[in-house]
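I'd like to ask you about the structure that follows.
To keep things simple, chains are lettered A, B, C and D as they appear, and every chain counts its residues starting from 1.
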Amino acid sequence: MLEQYLKSRLKEKKILLMTHIVMGYPNFKDGHRIVESMVEAGVDLMELQIPFSEPIADGPVILRANQSALSKGTTVKRCLEFAKDMANSFPIPFLIMTYYNILYKYGVEKFVATMAENNIQGAIVPDLPPEEGKAYLDAMAAHNRSPIFIFSPTTPTKRMEYIASFAKGFIYCVARKGVTGAETTFSEDIHSYLERCRQATNLPLALGFGVKDKSDIDFLTGKVDIAVIGTQTIRLVEDESIESVGPFIRGLR
Amino acid sequence: MLEQYLKSRLKEKKILLMTHIVMGYPNFKDGHRIVESMVEAGVDLMELQIPFSEPIADGPVILRANQSALSKGTTVKRCLEFAKDMANSFPIPFLIMTYYNILYKYGVEKFVATMAENNIQGAIVPDLPPEEGKAYLDAMAAHNRSPIFIFSPTTPTKRMEYIASFAKGFIYCVARKGVTGAETTFSEDIHSYLERCRQATNLPLALGFGVKDKSDIDFLTGKVDIAVIGTQTIRLVEDESIESVGPFIRGLR
Amino acid sequence: MLDRGYYDGFGGAYLPEILIATFDELEKVFQEAKGDPGFWQEYETLMSTYSCRPTPITFCENLTRHFGGGRIFIKREDLNHTGAHKANNVMGQGLLVKRMNKTRVIAETGAGQHGVATATMAAKFGFDCTIYMGEVDVERQRPNVFWMERLGAKVIPVREGTRILKDAINEAFRDWVTNMDTTHYVLGTACGPHPFPEMVTYFQSIIGKESREQLLETLGQLPSRVYACVGGGSNAMGIFSGFLNDSSVELVGVEAGGRGLDSGAHASRLCSEDASVGVAQGYKTYFLQNQDGQMKETHSIAAGLDYVGVSPILSHLKKSGRVRFEAATDDEVIDAMSLTIRKEGLIPALESAHAFVQAFKEAPKTSQKDIILINQSGRGDKDIFTIADAFADPAWQQFIIEKARKIITEKAKTYNA
Amino acid sequence: MLDRGYYDGFGGAYLPEILIATFDELEKVFQEAKGDPGFWQEYETLMSTYSCRPTPITFCENLTRHFGGGRIFIKREDLNHTGAHKANNVMGQGLLVKRMNKTRVIAETGAGQHGVATATMAAKFGFDCTIYMGEVDVERQRPNVFWMERLGAKVIPVREGTRILKDAINEAFRDWVTNMDTTHYVLGTACGPHPFPEMVTYFQSIIGKESREQLLETLGQLPSRVYACVGGGSNAMGIFSGFLNDSSVELVGVEAGGRGLDSGAHASRLCSEDASVGVAQGYKTYFLQNQDGQMKETHSIAAGLDYVGVSPILSHLKKSGRVRFEAATDDEVIDAMSLTIRKEGLIPALESAHAFVQAFKEAPKTSQKDIILINQSGRGDKDIFTIADAFADPAWQQFIIEKARKIITEKAKTYNA
């Protein structure tokens, strides 16, 4: 489903854009406005992060957004409602991004069922390698949702193939070591890594961690299918305003 | 010499009085006045203490007098001059009281020779048991000075005899355990102790540590030959004045 | 699918993909070392020449008489170099770092003991060293920060989250995912993703191994009960592992009861209603978390017990009933500590004193034939600021005020000059 | 005449008559114990179960490489219970106190280590305990005062004289002459009237005995040089006594050079012109004294070395040439300490660091075949206030100021309530 959508979109655009928000940050109303302007600016799909108190794979900007959202009383229930609202309001696929404990405590099967009811296409759970994900994978399959898995530069080729065997929708390739939000200098070094990714899977490839401006997108065009803009839009809202988001996205491609 | 003097005096008085000053405290001039008024009040002999930085057998009052004298620059040389001055000015025997290091650093033989020249009759060195005193005893004998030794309530009878074999002049019996200046409650308990002292020696017995008023003197009269007033006169000068010393001494007997 | 490092459903390795290869390498090197007969020998030699292993077992005659029950013995981990059992784990991991040819170590620390131990190991082995420490703990364990810095470590105060141990762990992971090529993360307790719980327990098992041998050798008898405090669970796993197969030996883990289990201000994961099973910091265990799975604030007078999770192996031993868990409150801890100091001249760390509380509660009910073994995981010197506060010692307060006055005067002088 | 406890003219027992009987008893009990084959056994058992004897010898690979000479080994007295070699002496005297059926102990203390050790021993043996400590030392070693009080000891600040160690000794003697029936004075070093120098050396000789055996066993070789710091001389006598008969072993005692031997602000009795032979505190030795025999003020960054006298046995070994004496300045001490912390993860006490200074000076000139043995008499944790001052660590200063602020605020609250 998600894979087909992406592949058909890729016939029209050389590179797709995936963006990200932390639900409940700065608050749900502003979150809605941000999603709206992103969609209007031509974003192709979006990650909606349910904040978690221990976001181990996230860098300082997203970490603080998580904490801020939680300190304002953001609950999982409210996030799922918000996600449903977005999915029903805007014509692009939405994914849930969160850490495994959120699913685990909610009940994995129940969580995935809710995702399906709410028209959420898939999920990214960065601390859940396929080895630990049996319940999750079963539920995702049962409800026909896409479990997005991650490749990293340190993932051996064999393991990429192993991971790909569980993945649906696309593969999220992290551009480098480290957490979200740090500087990435894109260079031709990335070539052989992406080559390895391509050979391990037929799924579309998304690349994230450190993508922040048009020159990064230009560099990635032709190399990957989806560019992921994560931290950069949060920074933009914090440093400038929600109104800056639309023009920023439009300027990327 | 000293012994003979004491024995002849004892024919006239039932009990003799020995007093004490720390040389250089509060200063030499006042010290002179204090000695003068003591002699005028009928004191029979006196200890002149050369202050030492580590007066291990002395309680807080005499300790502080030692420190005060030293902090004002009191030297051994100046003390010996003062002692000479006293011995030549007043018609009673004077003794040097000090710790062994003062003699040792001065040169034991030289120190005793100076004592002799200065007309000082003897010495009390509380941290010099006869076992450690060979050089001192030899010099005191050579210069015909009286080494005063100490008996204490913890001294076994045998040891009293041993000590007495080195002593000249009189024996200084300390009334109790502890350092100078603390309270002593004189009671009949002291009887058997003094009995032991008497049997160990034919020398006159002085008793010190805590003797402070007429009732103490009355108690001691008939039991010992000499009562030693140490800390009490220092307290008197500190709390009242030099002028109080004469009347105080006169009121004792 | 692999089922790595599970203990009856607890444990696992919930890792970001970027770290999988690093953990594979760690696991491989650890298993190789474990299989190498020379390795344990090397480890024991290191611990007996650099620290003072075997640490003694001390008979507490006065406490025994005081309580009138079984004979009380103390395993003296406080005598280790750097003052706690933490040294055992750290030196062991140091040997593995050498095997992996890495040049830098990082660690989280709560009480500061693990940080000092890691910084010490790094100095000895010549590694670069960065220590993550919650800002709150930096405040309450300043002397340890001072020593870590003298040892050449960089101490980074963590200002995120609750600013205590768990947040320091998160930050350490964030460092690790960036620098794993050169860097090993010396986790300080028997928690975290596999193989850490197993590995830390392996190194700490020296405590239990020695204890068992020492008691059998000197008394010819096993203990009836063994008490250990439980933060992450490493000292408890260390001493318990010597007696797990001795069914006559009752094992008791003591958690931080803080201001009481009803108060919400505690760190009791295995004997309070406030905890439930979850997955965080890379492993599955009991966590103090809310309905949504968000971690709660915790509290303990002992920084080293002030943690939301607990060793998955202990969760398993709780479930199986092999270990009994209890909680001791802050106030009880101060009392047990005072009593131990006065009666035996031993100064347990605030963490360790939790074990003493429970042992003291139960001692009078034991028989004089029983042997009670308590693990004194560390020494209390490091806690002077906390303990002096607890006693509100006026002379100490005056001393601190005077010190501050002097510093301010000195500064003013420099400023004016 | 008796010639008690002399070492080639140094030593003796210059006692007030009131104490002679007490010393006779002490001497008798000590000689009986020494002659009793079970006594040393009892002592060793106590030290191996209550403290962690034998303490290890640690090879310092990094320091050895750094200096490029002989191999540097450290005898780890810092690992003793209470953190210094002082425990050896104190526990030994504790056994004698039991033999004498006394119920109270008193002690002087400078660095506070001996006070803490004595208070600890008193807690364990159930004795009453009073510690005399110069007011200056109370200030600079406040944490130790805090622990002594927790251990149940009464700490009396001595406001007489120079208000440091020697004055504390005088006060202890003043207490003793009053209370000798019930009380034993646990002198903390190999000084004072006979039999203290012999007795303290006897208990501390465990250091040298172990060291010699350990080196022969692990390396099959004696050290070329042995370094120890010298305050009163107990740790030095302890380690030296293991090698006195090995003429190939050079023994080096290191005194406190303070601000330099020319400055007058030091505590160097055996290698400065400012000292001469005298008699004080009951024994004959080198003292820092003026022409009149009045003791001088002394200075050292290390409270435990800040003393006017020195063991008469060391004075004798100086005279005979068997031991060489050197001095280390305050600044050198801080440098050697920093280096040792960074390179080896060891934190020597400021006292001990004096020995390190001299060893480091000489190490480059020794051959790689040489073994250099340094006695780390204690650990430096206790010195945090002094060391933090020496480093003028801004974070530490801020911490102290904050602590003071909190105390003052709390006090104001209580006051207003």
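The criterion applied here is as follows: contacts are C-beta pairs under 8 Å (C-beta built on N, C-alpha and C of every residue); 3 or more make two chains touch, one makes a residue touch a chain.
Just so we're clear, the structure is a prediction, and the values are computed from it rather than from any experiment.
*Asks:* Keeping to the contact definition above, tell me which chains border both subunit B and subunit D.
*Replies:* Output, common partners of subunit B and subunit D: nil, no chain qualifies.
*Asks:* Could you pull out the chain whose C-alpha mean position is farthest off from that of subunit D?
*Replies:* Max centre-to-centre separation from subunit D belongs to A.
*Asks:* Between subunit A and subunit C, what is the gap in Å from one C-alpha centre to the other?
*Replies:* Once rounded, the distance between the two centres reads 37 Å.
*Asks:* So how far apart, in whole Å, are subunit B and subunit C when each is placed at the average of its C-alpha atoms?
*Replies:* For subunit B versus subunit C, the centre distance works out to 65 Å.
*Asks:* Please work out the Cα centroid separation of subunit C and subunit D, and write it as a whole number of Å.
*Replies:* Roughly 32 Å, centre to centre.
*Asks:* Measuring centre to centre with CA averages, how many angstrom lie between subunit A and subunit B?
*Replies:* Distance between chain centres: 98 Å.
*Asks:* Scan subunit C for residues touching two or more other chains and write them down.
*Replies:* none
*Asks:* Given which chains touch which, is the overall layout a line, a ring, a star, complete, or other?
*Replies:* Looks like a simple chain-to-chain line, open at both ends.
*Asks:* Return all touching chain pairs.
*Replies:* Here the touching chain pairs work out to A-C, B-D, C-D.
*Asks:* Within the complex, which stretch of subunit C touches subunit A?
*Replies:* Interface residues on the subunit C side: 1-4, 12-22, 160-161, 166, 170, 173-174, 177-181, 276, 278-282, 284, 287, 289, 291-295.
*Asks:* Which positions of subunit B touch subunit D when the two form their complex?
*Replies:* 52-57, 59-60, 63-64, 67, 70, 75-77, 99-102, 104-106, 126-132, 134, 149-156, 159, 163, 174, 177-179, 182
*Asks:* Which positions of subunit C touch subunit D when the two form their complex?
*Replies:* Listed in rising order, the residues are 48-52, 55-59, 62, 76, 79, 81, 83, 119-124, 126, 139, 142-143, 145-147, 149-152, 338, 341-347, 381-382, 384-385, 387-388, 391, 393, 395-397, 399-405, 407-408, 411.
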